[in-house]
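Read through the structures below before going on.
Across the two complexes that follow, chain A remains constant while its partner is chain B and subsequently chain C.
Coming up: the complex of A and B.
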């Protein structure tokens, strides 16, 4: 697992790796030498600027304009944002995305952590086998996963016939979001499990043994030894989960929706990304850009809060 | 469940938790695997059997779904879409790995003006979801005529900050003396990179490649928005659209399951061959601790 370079490879302040230009006397002032690092970075940077940085700036600007994709763009100030705030559809999809973020979070991260503890415990019989098996749902593409879960959850599907119930997992507006939650949990838990598993390797064995000698029970060792060391991993998991949840698109639309429209999920289960896509399809590019930036602002705020919270608790 | 190293008395006292832990883990493993089986079984079922027996082994396996998927009018679409997926995924992966390796190398092994600022900006940009840019990129690509093309699926996203970060982390660990030795022997900057640094970095380059391959092959949102012409659509966009096929409202789930099996096989093969790289790659950011 830990084939990657870890903290030890990081440059310490003051001892930056001087790299190939470690012989400044020999090559001092050589024009080509000073240019080389920029040459190496240039292709990456050009791709970054064209397909990421500039479009980000353009989309901020666009969010203050009314633009239909052709003809002139007219400046409308905050009108796009205001009309979103007045739209019940917008708030409904924002609430749906909050659901997809908050409801699976605890079982996803807590369950993954518990599984990692179990696999690392001395009781687990085949620890090396469980890692790939629990991760493998992540390998199934969301498109395939949505198809399979439609079969699992359809009226004559596996879940209903297994438990002899007749629930309309896909069709019922109240159940639809829970169906998406099941799919998200199934596909996502292995990813967080692998993160926690590699995080657990950073808990020093001696520390656990010392705690055990001092009479700490298994729960006490988790609470007072493992959890404090794992705090940054939890922070990382929560931030990644937040970002991924706000960008959620494929799963609800393909599990619950008709594939003939790009954003086919019914309004009761449509995520916030559908507001971006539907406005593009509808030729309302200013509105689409405004939704995109609202998503970014929310991600920024929550990431900042989460960093602050975890930092305070650690200090 | 027997451990010969443990004395008999201890063994019995540990049987309880050991049994419970392993039953829990096996249960989780079954839940993880079972949908794969439903997919694999379902692809070989008739419509009637899928309704009667959605989750079990097919009683009378049939190849009809695969025949439908790969022959006739549907077959032409399927082959074209699979071809499109491959022709997009392979160059995207190659270009991304090269750009990330070059930039990561510069950040790891050179000192230059603006290095830390630039690196900080790139890392901070990971907070901006790529989806924020879809509206402006759509307008941009519409104007330069890139909608419905291969290039719109190949070039955007090649500046992967995560990939660059992984490459840089790894390359920082390459001893500078090795690179200096190559320079002393007369190798230029590019040859030092290409013939010394790159070969030494194959583990991380492989991890980036696997990560990018899986992400591109699986991508749905981007091609769904940017490519409406079936001539350029990848399999991920074509497959769900088969559900609303010629005969209206009847959804052929057995056909979709057969297709899901087909699009999952390349990913499973990559996973089985490179599972450590894939798991290390997807979780790369976490190891920073």
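Coming up: the complex of A and C.
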């Protein structure tokens, strides 16, 4: 006697004729397959947790404490953040950082792009020579570069001799930031030049030829063909420049600093990172952590704005 | 299914983050980072001496101690480590060591300005039982350097007295007698005489962002203080001594006799000391070794005397960061050996005499050695160095540093630079800014 399904209907796949649902069985090695990706990313995950995630959590919690670096830590709530917002010193270094970000940006990115266009144009001879020459400042150690520029900008240095002036590029508070800007331009232009040069290779030659045949001038080809295609490259360059500028520390302090302070740039030229270093040296670890997180938030906000602006223009 | 999974994962993430934060908070609240003080006799093994800069000086110091006290030092050994290039590095490293409780050295070199922080934290050994026998051997200035409040917490290494270094040949030609230069006005008048004879020379240099020690030396002798203990509060905004130091530097820069473009330890400053552009400098007792390095051909042409009154610090009173000291950490398991080494090498005629032989140029704190020919007649400065040293010891004064001295100096430095580059005649608004910032960020410096 065979078992008939109720009502004479055919049994559904995976079920017994009596209508009882069969228990699904696992394929051999299924757990191993699911585990393997995690094994491969485990080294990264572990180092990310130990060297980034956990210290970040400690840092953000520390920003709500008053802590000397050892001994007891006293909870102070938002007092560290409020005292920073009330400190003219903090706003002065924030203004200096904004200067280092905005003033060099156009000559740096615009200049690097113009150089890249020039090197790829028919006017440039031996284009392969320009890449290493322009990139050398980027490869040079920041300390060495700052020492060299201190000599170049000294009272009897090259700049004063060339232009027959007697400006105190290092000692004059009004000129200090401009001296740092010159150094930043000299060091940075090669880096962005290489990026834009690589980006220009992604512009199809046929498009440029077609535009030329349609009567577009060189400037029109740059504006209507090259720039739109290179928008992601520009976004990358602007975001990287923003992050680097907001985290600037080495150049102002090495070029303008004095011997008796670790972050020795004068207040007229000190970047915001000096607030972190000075607070660590002064045994104010909670304040230093608070400054660090404010910088992080500002970088995040500006990066998000830049991504949105570039994306809106594209759409 | 997907929405429930996302909600559950998001909830789990929040719980994990909160748990992590709770663990961190409890860790921060509970941690003391200080080891239990040792009360037993010294452990076997070498004791660690942590210095800043080159370790050779301390190694020579220990070698000299072993030569002078072969029996006492027979079973003693020292390991000298460098904490970094300068005292800021040394303090940063010590804080990390105290935080972790690991590798805390037995002996640490500090500047006196950094002593209050560690003294108030209770991590230093009271040296009264170890140093009492040595104290009568040293100068009053060195004895002062050992004290913090009513406790002896430091062995004196280098008393950093204020000294005025000047070009004897240039001053003679300009008709300047340094013994008649007593006040700031006299100093400016002497500068004008100098420029009458040498139009491109200056009597000092004060840059737009002066070195912290330059104005630190002024406030150390004019009665200034940055805080009070009772009531516990910051006082820089209303302290007359700090205001006087600010205006003194402003007046000197405006006088025309002071180089306002070049800071200390810049190539221009170094060459200026060598070529006469900077014909004198108001410095401290550590300058001789640098001067000899920058201007080796000018041996015999540099003289030394005491400061005139600058910024209200009469008779050149004060010091530079107090001086350089050695402290013994509470966590040390070699207190006796460390104290024997420090006391023997720095506070006894035999030990310090042996150290002088291997470290020429070191000015001893031991009174009995001040008359020895090696100390009396310096190859570069002649007898003027030790005479000035002894004279300035009479007006040696320690600034009343508190545990937040580093932070206070940084904030005041920034406001001084802002004041000097402004056209304001009064520093009041800048001192108020410093006051508000320190009151907000430091509060009571004697409380953690």
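Please note the rule applied: the second predicted complex is superposed on the first by the 270 of 315 C-alpha atoms of A that agree within 3 Å, B and C clash if a C-alpha of one lies under 4 Å from a C-alpha of the other, contacts with A are read in each partner's own complex, and residues count from 1 in each chain.
Keep in mind that, in the parts below, contacts are C-beta pairs under 8 Å (C-beta built on N, C-alpha and C of every residue); 3 or more make two chains touch, one makes a residue touch a chain.
What you see is a predicted model, and the numbers here were worked out from it, not measured in a lab.
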item: Partner chain in contact with A:168 - chain B first, chain C second, else both or neither; value: second
item: Touched partner set for A:280, first chain B, second chain C, both or neither; value: both
item: Contacts of A:58 with chain B and chain C, given as first, second, both or neither; value: both
item: Which of chain B and chain C A:120 touches, first, second, both or neither; value: neither
item: Of chain B and chain C, the chain that contacts the larger number of chain A residues; value: B
item: Partner chain in contact with A:71 - chain B first, chain C second, else both or neither; value: second
item: Touched partner set for A:89, first chain B, second chain C, both or neither; value: second
item: Chain B and chain C contact sites that coincide on chain A, given as residue numbers; value: 58, 62, 67, 69, 150-151, 154, 258-260, 262, 279-280
item: Interface residues, chain C side, partner chain A - complex; value: 17, 20-21, 24-25, 28-29, 31-34, 86, 88, 91-92, 95-96, 98-99, 117, 121, 207-209, 211-213, 260-268, 403-404, 406-407, 410-411, 413-415, 417-418, 421, 433, 436-437, 440-443, 448
item: Residues on chain A engaged by chain B in the complex (per definition of touch); value: 1-11, 16-23, 33-34, 36-41, 43-45, 47-48, 51-53, 55-56, 58-59, 62, 67, 69, 115, 118-119, 121, 123-125, 130-152, 154, 156-158, 161-162, 186, 190-191, 194-195, 198-199, 202, 232-233, 236-237, 240, 243, 246-247, 249-250, 254, 258-260, 262, 273, 276-277, 279-280, 285, 288-289, 292-293, 295-296, 299-300, 303
item: Contact footprint of chain C on chain A as seen in their complex; value: 54, 57-58, 61-62, 65-75, 79-80, 82-83, 86-89, 92, 150-151, 154-155, 168, 170-174, 256, 258-262, 264, 266-268, 270, 278-284, 287
item: Of chain B, residues touching chain A in the complex; value: 1, 14, 17-18, 20-22, 24-25, 28-29, 31-33, 35-36, 38-39, 42, 50-51, 54-55, 98-100, 102-103, 105-112, 115, 118, 122, 125, 127-140, 142, 155-159, 161, 164, 166, 169-170, 172-173, 176, 179-180, 183, 189, 192-193, 203-204, 207, 214, 217-218, 220-221, 224-225, 236, 239-241, 243-244, 253, 256-257, 259-261, 263-264, 267-268, 270-271, 275-276, 278-280, 282-289
